[in-house]
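Alright, structures below, take your time with them.
Okay, so chain A shows up in both of these, paired with chain B first and chain C after.
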Partner chain A sequence: MLRVFLTAAVAVMVAATAWVFWDRARGSTATPIAGFSAPFVFGRFAVPPDNPLTEEAFALGRHLFYDPILSGNNQVSCATCHMQALAFTDGLAKSPALSGGELEFSSMSLINLLWGQERFFWDGRATSLEAQALMPIQHPDEMDQDLDALITELQASRDYRRMFRKAYGEVSAENVARALSTFMRMLISTDSKYDRFLRGEVRLTAQEEHGRKLFMAHPDTKVSLRGGNCIDCHSQFLTSGFRDALDGFSNNGLDSDDDLPDGLMAVTGNPAHKGFFKVPTLRNIAVTAPYMHDGRFETLEEVMDHYNDGIVVSDTLSPLILEADNAPEAGQNTVGLRMTPGEVQSIIAFLNTLTDEGFLTNTQFSNPFEGDG
Partner chain B sequence: MRIWMTGLAILLFVGGALFFALGPQRTTSITLTFHAKMGDDPLIFDEFVYDNPGGSGTFRVRDFRFYLSNLTLSQDGALFAEPDSYHLLRFDNPETIHSIRLNDIPLRSIEHVRFMIGVDPEANGSIQVRGDLDPNSQMAWNWEVGYKFVVMEGTLRIGEEVSPLVYHVGFSENAREVDIQLPPDIGSDGNADLHVNVDLAKLFGGPSQIDLQKLSSVKFNREDAAMLADNYATMMTPMFR
Partner chain C sequence: MKFKLLAQSVLIGAGLLMVGLTPAQSQTREESQGMVLLRGLPTLDTNHSIAIVELDPESDQFGELLSEVEQPDIQHPLHHLYYSPNGRLYSTGLDPSCSLAEIGLSHDSGGTPVIEGFTCLDTQGQIVGEDIMWATSNGQEYMFVTFMGGTGGDDGGSVGVFDTQTNEVVKIIEARKSQVGEGEPYIMYPHGISAFDDRMVVTSTIHPDMTTGVGNVLTIIDLNTLEPIQNIVVENEKPLDFPSSPVEVLFARPDMHADIEPAILANTMFGFETWKIPYDAGSKTFGEAEVIYSGVANETAVPLEFYGTEDELFISHGLPGVVKRYELAALPELVSSGPDIVADPGAHHMIFFTSASGRDLIAVQNNLLNLGNAADDDPTDVDFIADLNAHTITIHDLETGERIAEVNFKESYNKGVDNVEGLFGSGFVHHH
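Then we have the complex of A and B:
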C-alpha cells in the first residue's frame, strides 16, 4: 500500500514540476475562450492551429483595434473606418485617404468572419485574416505605419508588454496580426430577428416572411415560381458568399465591359474573373449604407432597383442574374428580376430582420479605452 | 468484483479467439479519379468552343459540378459503405479532374463500385453539414427544397446574341445509381486505381437530345428535370487500361 502511495506521490511531483517548466517555456498563459458557440446552421469553421481563440488574445486584439498607436501619425485606428454602431463600417461611400481624397473601395462590415469566404477584401487578395490585418497598418493611405516602428512603440508601453506576454509571449508584428484576427473572429452576430425566427422564438410578419421566401427562391416562370434569387449568391443562413474555393465571388451587374474593374481577376489573373467581387454578408445590412464596393447606392431601395431592373450586362455577368426574371415576356431594354413594387418592399422588410441590435451595442466589442472597458 | 473479473476473462477469451480465427485482414485502397470531358476531350471552361447539340449557336461552360453520394464498394457478399459519403465533384482545376481516395478498406479486393449521382432523400431533406453537403453552399437551393444534384451554367451565343444557360437539377426522385464492375486484375496488389470519364455532352445528348436555345434553363419543372436526370445517368464511363 505504502509503495503505491509513494509511486503516486512521485508521479504527481514529476508532473507538477514538468508543468511549471512547460508553462514558463511556452511564455504565455492564455486561456481558451470558453462557452463559445454558434448556431449549427452556420456550419463548419476553422481557426488556424497556430492562433487559437483565447481570452487574452481577444483582449489584446480589442485594444489594438481601437488604438490609434497603430497608425504612423497616431490618429487613425481600425475603428476609424470600422465603427461598431455601423456594424464595423464607416458610413461613407469610400473611406478617406490619408493623403487627401478617398480610397478606392468602400469599408467592409466585420461580421461572422469565421464563416463564409476565406478570402478577404472586395477583390479577395488576402487569404487569411492574419495576412489581412497588417495590410491597412502599412498602407500609405490608410494607417501608414512602419512595422518596426510600431513594435518599438508597443514595446515602450508597459500595458502592451503585459498583454502581449499573457496572450502570446512576445511583442511582434505577427502577434499584432494574430490578436487583431482573434478579435475580429469573435465579432459574431447571432441574435437578429431572422436568427430568432430560425430558432423558433419569434414569427416574421407576413411581409417579412414573403420577403424571406423571395430571397430564398430562384424564379421559374415555367412553374410560376416567383423569386428574388438572392440565395444564388448570398447563402441562406449566413447571407454571405459561399466558402468553397472562389464560389463566394461574383459579378452582379454593376458595370459594362467598358468600365468593369478588375476585381478578383487582379488576384487570379483569370479573365473569367474580371469584375468579380466578394459577395458580402447581408447581416446588419440596414446600418451599413452606402452599398457595393464603391458605395454607389445610398439605400436598400436603390440596391433593389438595381437588381430589379438596373442590371448592366457584361461578359462575366453571372448567368444566374441574367436568367432570373419574373416576367414571362422578354424584357424591353431592361435586365433584372422584374418583381412588383410590393415584392421589392417585402425583400427590404426581410433584409431589415437581419439587424442585430445586441451585436451593434455589445460592450465586449466596444472601445476598451472608453467607459468601463 | 468477482463478476467483473469473470466478465473480463470472457472478453479476453472471445477477443483472442476472434483474432486468431480471422487472422490478419487484408485491406484494399482505392483511388477514384473522375475526368470531366466533353465528348472525348477534356472539358474546357469559359470559352465558346462547343456547338449547341440540338440547334444553332455555340456555347461556353462556366460551371459544371455535381454530388456523388452513398459510395459503396463490394466483393462477393462483403460490402463497405463509406460513412458520410457526400462528395461534391468539381473540375475547376487545370486537369479538370476530381479524385476520391479511400484507404484501407476491409475488403480483399473490389468487384463493384456503386454510388449515386445526387443525394439520398434523407440527406436531401436535412440541413446538417455532412461530407460536402453544406446548406450555406452554392449547391443548396434552400432548406425547403434541398440540394441541386447537378449544376451546369454557361452562355449560348447565336450570332451576336448571347443568352444564359442555367441547368440546376435536383429533387430526390432525380438521384441516379451508377454501378461499375471492375475487371479482376484491378487492385490485385491491394491498391486499385479507377478512372472514370464524366461526359458533360451526355447531359444534353443522352436518351434525349436537347436544343439549348429552346430549353435554356431547367430548375423546378419536374419533367424537364427528370429528362436531364435520365441523360446524366449515362454520363459516366469507366476507363480500364
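Then we have the complex of A and C:
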C-alpha cells in the first residue's frame, strides 16, 4: 500500500514539475479582449499587428501604469500625473519635476488614444504609443528610471514574471512599452451624454443643442451662419485632432512671434510648425483643468474668452482661427469669434456633455493595488 | 551595464522598429470600403444580405466581403442606405415587414468594421421605403422618408416624418389623389426627396407593383406646415408610352456652391429626361418646368441618381450604363465637365474614394432593381428591366473615367447588388 502511495505521489510531483516548466517555456498565452466593440462613428483605428489588444497585456499594462516601480526612486508612477478621476490628468498647470521646479508641459489626458493623431505628447515627439510609453520613464525630471534597472526589478517579481509570460513571453523594455500602450489604448470613453445623444438614447437640452450646433459650425456671415469654429480642429465625434498627416497640430493663437514656443517645430525642424501643439481631445474636458499645453487657463470660461476675442496673431496662426469671426463688421482691434455671452455659455454647456462619469470611475481602469482591483 | 539616456533611447527606438512597433500602416483602409445591399437571386438559392466590400483595386482584398449579415427571414431585401448627420446608418426596405431599418456597425478589437445586425423600425403601416433625408421644420430636425407604397392602395404613397433620436413616427404626410379635391396637390408613389429652406420636393414615380400606376409630377411640401402645397408636372416625351415617372430629385441650392441659383432638378425614369424648375426664394415661387436634358436626343435612358463632389455633379443613366458629369458651380444648368464614365447597364448608385496610392476613384453600382434575368429562368424577371441588371460594381479613375476594375456579385457571390454606400468617412457631398 505504501509503495502505491509513494509511486502516486512521485507521479503527481513529476507531473506538476513538468507542468510548471511547460507553462514557463510555452511563452505567451494571451487572449483577445473579450467583448470589445468600439463605436463606429469614432472611425477606423490601427493596432500594431505585433501588439494586439489582449486581456493579459491590458492587465499587465494596468499594473505597470499604477506601479511606482517604474520610477528610479520607486515613488512615481504613471498615475502620479495621470489620475483617473481627472480623466488621467493631474489638475496642475505643469507637473512638478523631480529635480525641482516644474515640467515643460501640462499633463495630457489619456482618452480614446486608439483614434486621432498618431503622434503623441503636446509637441508630437513620439510617433507611436509604444515609443511614447518609455519616454517619461527615462526622463530625468519625470520618472528617472534606468531601463536595465527596471527590467532587473521586474524580473525579481514573481507576479510580474508570470504576467509578462502570459502577455508576451518575457520581461523586457519592449514589452513594458507594449503593455502600457495596450492599457492606454483601452482607456475608451463612450458613455458621455453626447455619446448617448449620438446613439439616440437621450436628448440634449436646448442650451446644449445650441452649443453643439455652434461647436460644429464655422461662422459664415454671408449666409448668417454663426459658429464656434471648434470643429475645424476638434473632430465631430471624437473631439480630438484629426488623424491625417499633421492635421492634428495647430497654432491656436496663444502667443506672439516673440514668445512663440517651438512646439512641433522642435520635432519636424519646419519653421512653419513653430507654435504648433497637439489638438487634445475634449472628452471629459470639464475635469481636466487647467487648459492648454502650459495650463495657462484655469476655466473653460477663460478658454472661451481666448477664442472669443483674445487670439494673438503670429506668423503660423491657424488661418481657420484667423478668419473665424461672427461679427467682422464690428471693426474691433482684436481677433476672435465675437460670439455673444449666451453663445459662449451654450458651447460650455455642450462641452459639459462630454463628461463620462462611467469612464472616470470605471474599476477596470483604476489602481489594481487598491481595493479589489 | 548602463547607457547614457540618449544612447538608451536610440537603442530602444531601434529595437522597437526592428520588432515592428510602428503604427500599423498595413491595416485596412476604410476609405475604399463600400457598404452594399445584396439581393439573393431566387434561382441561385441565396439570401439577401448587408455586406462590407473592399473596392480598392490596389488592395489584396479587392472584391472580398469583409463582413456580411444575411436576411434569411425577409422576402424582399433592404433597398437604400443613408447615414444620419449623427453617424447612424439607416436603410429603407422593400419588404412590408421591414420598410425602414437601423443598421448596427462597430469595430472589433483588430479595428475591422463589423456589421452587427439591423433593427426594423415601426413605420405605422408605411411600406416600400425609398429615400431618406434629414431636414428642419420650425427649427426641429426630423428624418424624412419616402414610402412609395405609403399605407397601401392604388394611389398610395407617403412621406414619413421621424424623430431623429427615437426613430418614432411623428407624422405621416399623405394626400391621396383620389381623396384631395380637383386641382389640389397630392402625393403618389413618392421616391426622390430633396429640400431647400422651408420647401421640400418629392417625386411621383410608380406604384410598387409596377403595373397599377405611374406618376408624372413633383409634389412640393411646406416644411412649416408639413403639408403638400403644389404639384408640378414634369412630362414631355413618352418614349415608352408611359407617364414620365420622375424618380430622383435634387434641390440645387447655394450651400452646395455659392454660385448656384436655386432650382429643382428631376430625372424622369420613363421620360429619359432631366428637368429644371427654377425657384425664387424671395417669393417662394417656382418657375416654369423645362427639359434641360433629353435622353431620346442623347441616346440614353432611365436617368436615375444625382451625386456631387465638391466641384462636380454626377447623374447616372441606366442605359446604356453611363455616368454623366457636370460643373457643380454651373447648376442648375447642366454644363459638361468631362467625358461620360462608361459603367455597365443599370448604372445607378456611386461612391467616391481614393486608392491606397492616392488615386481618385469612383465606383458605380450597376443594377436598376436587381431583379433576376429570364435567361436564368428567374421568376422575378421583368422584360424592360432585365437588361438593366449587370450585377456589378465598376471602378473608374475619377479624372479620366477610365475603367480600372469590376466586382461581379453574381459571378462571385450568386447575388445581385442593390445599393452601394461609402463606409463612414468616405462617400459623397451631395446625394439624392
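By our rule, the second predicted complex is superposed on the first by the 344 of 373 C-alpha atoms of A that agree within 3 Å, B and C clash if a C-alpha of one lies under 4 Å from a C-alpha of the other, contacts with A are read in each partner's own complex, and residues count from 1 in each chain.
As a working rule, a residue touches a chain if its C-beta (ideal position, glycine included) is under 8 Å from a C-beta of that chain, and two chains touch if they have at least 3 such contacts.
Fair warning: this is a prediction, and the values are worked out from it, not measured in the lab.
Asks: With everything superposed onto chain A, say whether chain B and chain C fit together or clash.
Replies: On the superposed model, which is not a single observed complex, chain B and chain C clash.
Asks: Check whether A:223 is in contact with chain B, with chain C, with both or with neither, and answer first, second, both or neither.
Replies: Both chain B and chain C are touched by A:223.
Asks: Answer with first, second, both or neither: which of chain B and chain C does A:244 touch in the superposed model?
Replies: The answer is first: A:244 touches chain B but not chain C.
Asks: Quick one: is A:44 in contact with chain B, with chain C, with both, or with neither? Answer first, second, both or neither.
Replies: Both partners, chain B and chain C.
Asks: Once the structures are superposed on A, label A:235 by its partner contacts, choosing first (chain B), second (chain C), both or neither.
Replies: So A:235 only meets chain B here.
Asks: State whether A:77 touches chain B only (first), chain C only (second), both chains, or neither.
Replies: Once the two structures are laid over each other on A, A:77 reaches no partner at all.
Asks: Touching A:272 in the superposition: chain B (first), chain C (second), both, neither?
Replies: first
Asks: Determine, under the contact definition given at the top, whether A:355 touches first (chain B), second (chain C), both, or neither.
Replies: Touch partners of A:355: none, neither chain B nor chain C.
Asks: According to the contact criterion defined above, which of chain B and chain C contacts more residues of chain A?
Replies: Between chain B and chain C, the winner on chain A residue contacts is C.
Asks: Determine, under the contact definition given at the top, whether A:203 touches first (chain B), second (chain C), both, or neither.
Replies: second
Asks: Name the stretch of chain B, from among 8-16, 80-88 or 152-160, that runs into chain C once the two structures are superposed.
Replies: The stretch that clashes with chain C is 80-88.
Asks: List the residues of chain A that touch chain B in one complex and chain C in the other.
Replies: 40-44, 222-223, 237
Asks: Contact residues on chain A for chain C in the complex?
Replies: 32-33, 36-53, 114, 118, 127-128, 130-131, 134-135, 138, 140, 146-148, 173-174, 177-178, 197-203, 222-223, 237
Asks: Can you name the residues of chain C that touch chain A in the complex?
Replies: Chain C residues touching chain A: 1-3, 5, 8-9, 12-13, 15-16, 19-30, 86-89, 105-111, 113-114, 116, 164-167, 254-255, 258, 424-425.
Asks: Which of the residues in chain A end up touching chain B in this complex?
Replies: Its residues touching chain B are 40-44, 115-116, 216-218, 220, 222-223, 225, 231-232, 235-238, 240, 242-245, 247, 271-272, 319-320, 322-323.
Asks: In the complex formed with chain A, which residues of chain B make contact?
Replies: Against chain A, chain B makes touches at 45-46, 62, 88, 90, 92, 127-129, 134-138, 140-144, 153-155, 163-166, 168, 216-217, 219-221, 224.
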